[in-house]
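Before I ask anything, let me first share the structure, which is written out below as structure tokens.
Chain IDs A, B, C and D follow the sequence of writing; residue 1 opens each chain.
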Amino acid sequence: MQAVITAVGPDHRGLADPIVHSVTELGANIAEIQMYDRDDAHVFSMMTRIELEPARYADLRDAMVDVSKETGLSIRTWSPDLPKLENRKPRLAICVTYRPETPLAVLRAIRDGRIRGEATVVLSNRRKLQGVAEQFGVPFRLIGDDAGEPNDDAMIDICDELSIDYVVLARYMRVLPAASCWKYAGGRIINLHHGLLPSFPGMRPYHEAYASRMLAYGATCHFIVPELDAGNQIINQSTYSVLPGTSLDEVVRRGQEDNEPDCLVEGVRRVVDNEVRLHFNRVVAAHSVG
Amino acid sequence: MQAVITAVGPDHRGLADPIVHSVTELGANIAEIQMYDRDDAHVFSMMTRIELEPARYADLRDAMVDVSKETGLSIRTWSPDLPKLENRKPRLAICVTYRPETPLAVLRAIRDGRIRGEATVVLSNRRKLQGVAEQFGVPFRLIGDDAGEPNDDAMIDICDELSIDYVVLARYMRVLPAASCWKYAGGRIINLHHGLLPSFPGMRPYHEAYASRMLAYGATCHFIVPELDAGNQIINQSTYSVLPGTSLDEVVRRGQEDNEPDCLVEGVRRVVDNEVRLHFNRVVAAHSVG
Amino acid sequence: MQAVITAVGPDHRGLADPIVHSVTELGANIAEIQMYDRDDAHVFSMMTRIELEPARYADLRDAMVDVSKETGLSIRTWSPDLPKLENRKPRLAICVTYRPETPLAVLRAIRDGRIRGEATVVLSNRRKLQGVAEQFGVPFRLIGDDAGEPNDDAMIDICDELSIDYVVLARYMRVLPAASCWKYAGGRIINLHHGLLPSFPGMRPYHEAYASRMLAYGATCHFIVPELDAGNQIINQSTYSVLPGTSLDEVVRRGQEDNEPDCLVEGVRRVVDNEVRLHFNRVVAAHSVG
Amino acid sequence: MQAVITAVGPDHRGLADPIVHSVTELGANIAEIQMYDRDDAHVFSMMTRIELEPARYADLRDAMVDVSKETGLSIRTWSPDLPKLENRKPRLAICVTYRPETPLAVLRAIRDGRIRGEATVVLSNRRKLQGVAEQFGVPFRLIGDDAGEPNDDAMIDICDELSIDYVVLARYMRVLPAASCWKYAGGRIINLHHGLLPSFPGMRPYHEAYASRMLAYGATCHFIVPELDAGNQIINQSTYSVLPGTSLDEVVRRGQEDNEPDCLVEGVRRVVDNEVRLHFNRVVAAHSVG
């Protein structure tokens, strides 16, 4: 089976060695290592993807707990095959802020079985969409203060506590810090961007495309990969065309109400159904990986 | 009615004055003037859009012939309202090179009445698609030499001789020189670009989008506007999405066989049906122009 | 001599004709016309560059005053040859906000005769640099409210009232509205951008170049041209290189204290000395224009 | 001391484990691992940077030879500290094609002691600059066929055979394949690009900047890093400014004859003098690395 180990620490000394030792002692093969020294932020990070016998997964997890205790590193072990092994649905944390369309679409798709996952929690930096979570009987957890500033550590703590498999950013309006991205690296954070990547990466992609007088618009569902601009991690892209003379309001309305929800639901489905995987920072069709 | 006058000459002296004089003497109002001094190519150009009484259109044309004779400038007079006034369909010159899909789609749409125009001529710098023209009974005119180098002046001469209203570039593989663009300026040259503008303007837009691992592709039908990158002159954009793992060949096949033809046919229809106009280098819905 | 006429009005009807009539009646030749319909802002604009006998310049100015009265259009007449004809130095309005380095450099260069112009007024949306103006005995005019919001019409009124030839934006931190750009179109508004154009057009060019780990930085002095991104209107560019490991603070310090002032002073000098002109939206060496 | 191990193989199985085992058995600490699966080219690659006792370097080299024999992987061991340890100058391979200015400048700087390295060999895919090598008494090796197509494996074989420390691409006109870049990864391949990166990455940076009517030009000396566009690996950038109206020929002449040679010589000097290092794909000042 495939397993993913992430480690985050304050410097780049002594990070790789204990993890690499443990992994090889368990007879696992290293398939991929990504390391990064974000020295300006004092975040040193590593993501290791390995192949090991399913019977050794528990040992791996225990070993990593030990390494974490000994070194003080923040370490996580996970596998995309866990839900199947544990005979359960993948657990999703749905992160939201103001716009209700995409979280509603994901919650409905889960309820109707189109996304074969569990809506374990709705996280938000604002109270606005608490009612949406309650409507579907999903616990709501506020991670923002009165000004909407999120407690990024609280987000990770909640996901850890609830054994979340995938974090879904459904028009969540804050940027995850690099440390959070690394902690859930390896294809576990799914974002919905309301423009076509890589052409329109900004905060206002509808406005930018409209300013270019484009007649085609789109949304992009992609994995968040730390330290990289999202160019190669696209899971799904949905598009629509409008007539000349269409107002920006109408463009945005069609995008937010129809296109974005469809884009995110299909993207989450592909991930939850294990149709796609992250492989050296690129999305690949799962069946194509050796 | 609206009329468009284009003038091209070897320098910028004495170009504007005689045209402006004639226009104002006829009681017309100047709605738009675009001038450009492409000094490195010794091409000086002007496009004038005016409003005048339909009864004076013939006088305008005669006056411009006189100005042309006196000054040696290359001058053309035209109106998008001409076909209606002359109780005829708009005349189209379809320019092609190798790919048959988009010209075939336009010829079929004309035959079936979906594009209410006349396929007056098929122009090409290569003989390859001569059979496509013959299949629809449309005259074929070769404007290229043995190496496929086009005679750009011959293209314009043929369009002049046949009183062409619109030049349709259906995957025509050569760049029109600035002088040709100016001679048929004012919204008369329609191009099909096989990528989404303005994001993918290059010669190989499928390859470039694929290299970015995009999952959405598109085509753009736009007016050619001299001296400007095509950013604001979009008439129609069509898109399609593919699954992760789709091969480039399959992406290109779907684009060339399905998406590009649909994009161009709808774009030409919008122009021929006077649904869109070029207004200060931007496409506007015709009903929105005062 | 060359003269420039600018006209701004609320719609595109009836703008061009009266100006064109007057110009041709005076025996002038039209060298360039730029028109633009910024319909979304209800600003219709025209810039006309003409050649006429110096003896007729006063008549032209009077005629334009008449047209303005009759039509309600906002019309201005100007010539880069005026200071010479009137045996005076070009009058400069120096627009500033917070940073003192570039205005100080321009004021010193004027005092020392390196820029052969007159510092007629210092305009600002903030009071901060009032002392700089006073230090050089130049009148200071505040055009901002308590929040620093500028009164754009007041800026133009002051420039009109003082017969300003050139408006110098010396790290003036507000964007001029399109109407102001048109009113002083034709190569009269000189801006200092603190990054290399066209590569770094944003608000924080030092930060953006630094984020790319560049080791070369620069500033750009350019004419402001309405409706166009500043790509072709570069008057002067100055650059400097730094060693690997140089801090952003040090990069910015060298740029602001040394490079930007040098760049702007030389740029203003080239304009004031008539070494460069704006010709069809591009800067050309003055001697190269026919 | 710091050591760099690179490994290239045909797939991603079994690549990392034997190297990681050997390294940790030698008591070395892993400082950085970069892995990449260029699956479309069947090139799997790894670069490992480690810290180990200088006394163990010979053991490391032997161990890697053994791993290479057992696994069939192409493995190289190197250290930027080797020349000092072996009491010799760094050995440079200077790769050239047509333009003589930059190789001449490097050869002169080596002769004059400004670059404290040894010009071990001049490599070229063309014979044109053979005389330049001979003039400085440096062996010349042709790696191109009659059409100038380079034998990329021959280039690597020669560098291996001559124990080259640094490969200097002095306007070498061919793109190194990914496998070559990986084999000499870790800050050993120095390129001179004749434009400012990242703004002008193309084949004709002078022409592109000139088409934007820029008045500042530059060159960039940078490490080649496989799989990444060169954005963060800049070692040196040199710039110059020109007056409006300067011809493209003059711009290119000043760049090729003065600016590019200065840029490359100073860049090579910084590397050879160990002033800069590559650290997680970014250039850092050597003293700043912990």
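Basically, a contact is a pair of C-beta atoms (placed from the backbone, for glycine too) under 8 Å apart; a residue touches a chain by one contact, two chains touch by 3 or more.
Note that the coordinates shown come from a computational prediction; the quantities given were computed from them, not determined experimentally.
Considered apart from chain B, the assembly holds together by touching as one piece. Homomeric contact chain A/chain B: same residue numbering on both sides for over half of the interface positions. Inter-chain centre distance (chain B to chain D, centres taken as mean C-alpha positions): 49 Å. Note: centroid distance chain A to chain B, computed from Cα atoms, is 46 Å.
Centroids of chain B and chain C (each the mean of its C-alpha atoms) stand 37 Å apart. For chain A, no residue reaches two or more other chains under the stated contact definition. Contacts between chains close into a ring here, every chain touching precisely two others.
Which chains touch which is summed up as A-B, A-D, B-C, C-D. The touching residues of chain C, counted against chain D in their complex, run 196-200, 212-216, 218, 220, 231-241, 243-245, 270, 275-276, 282-285, 287-288. Within the complex, the chain B residues that touch chain C are 11-14, 16-17, 20-21, 24, 29-37, 279-280, 290.
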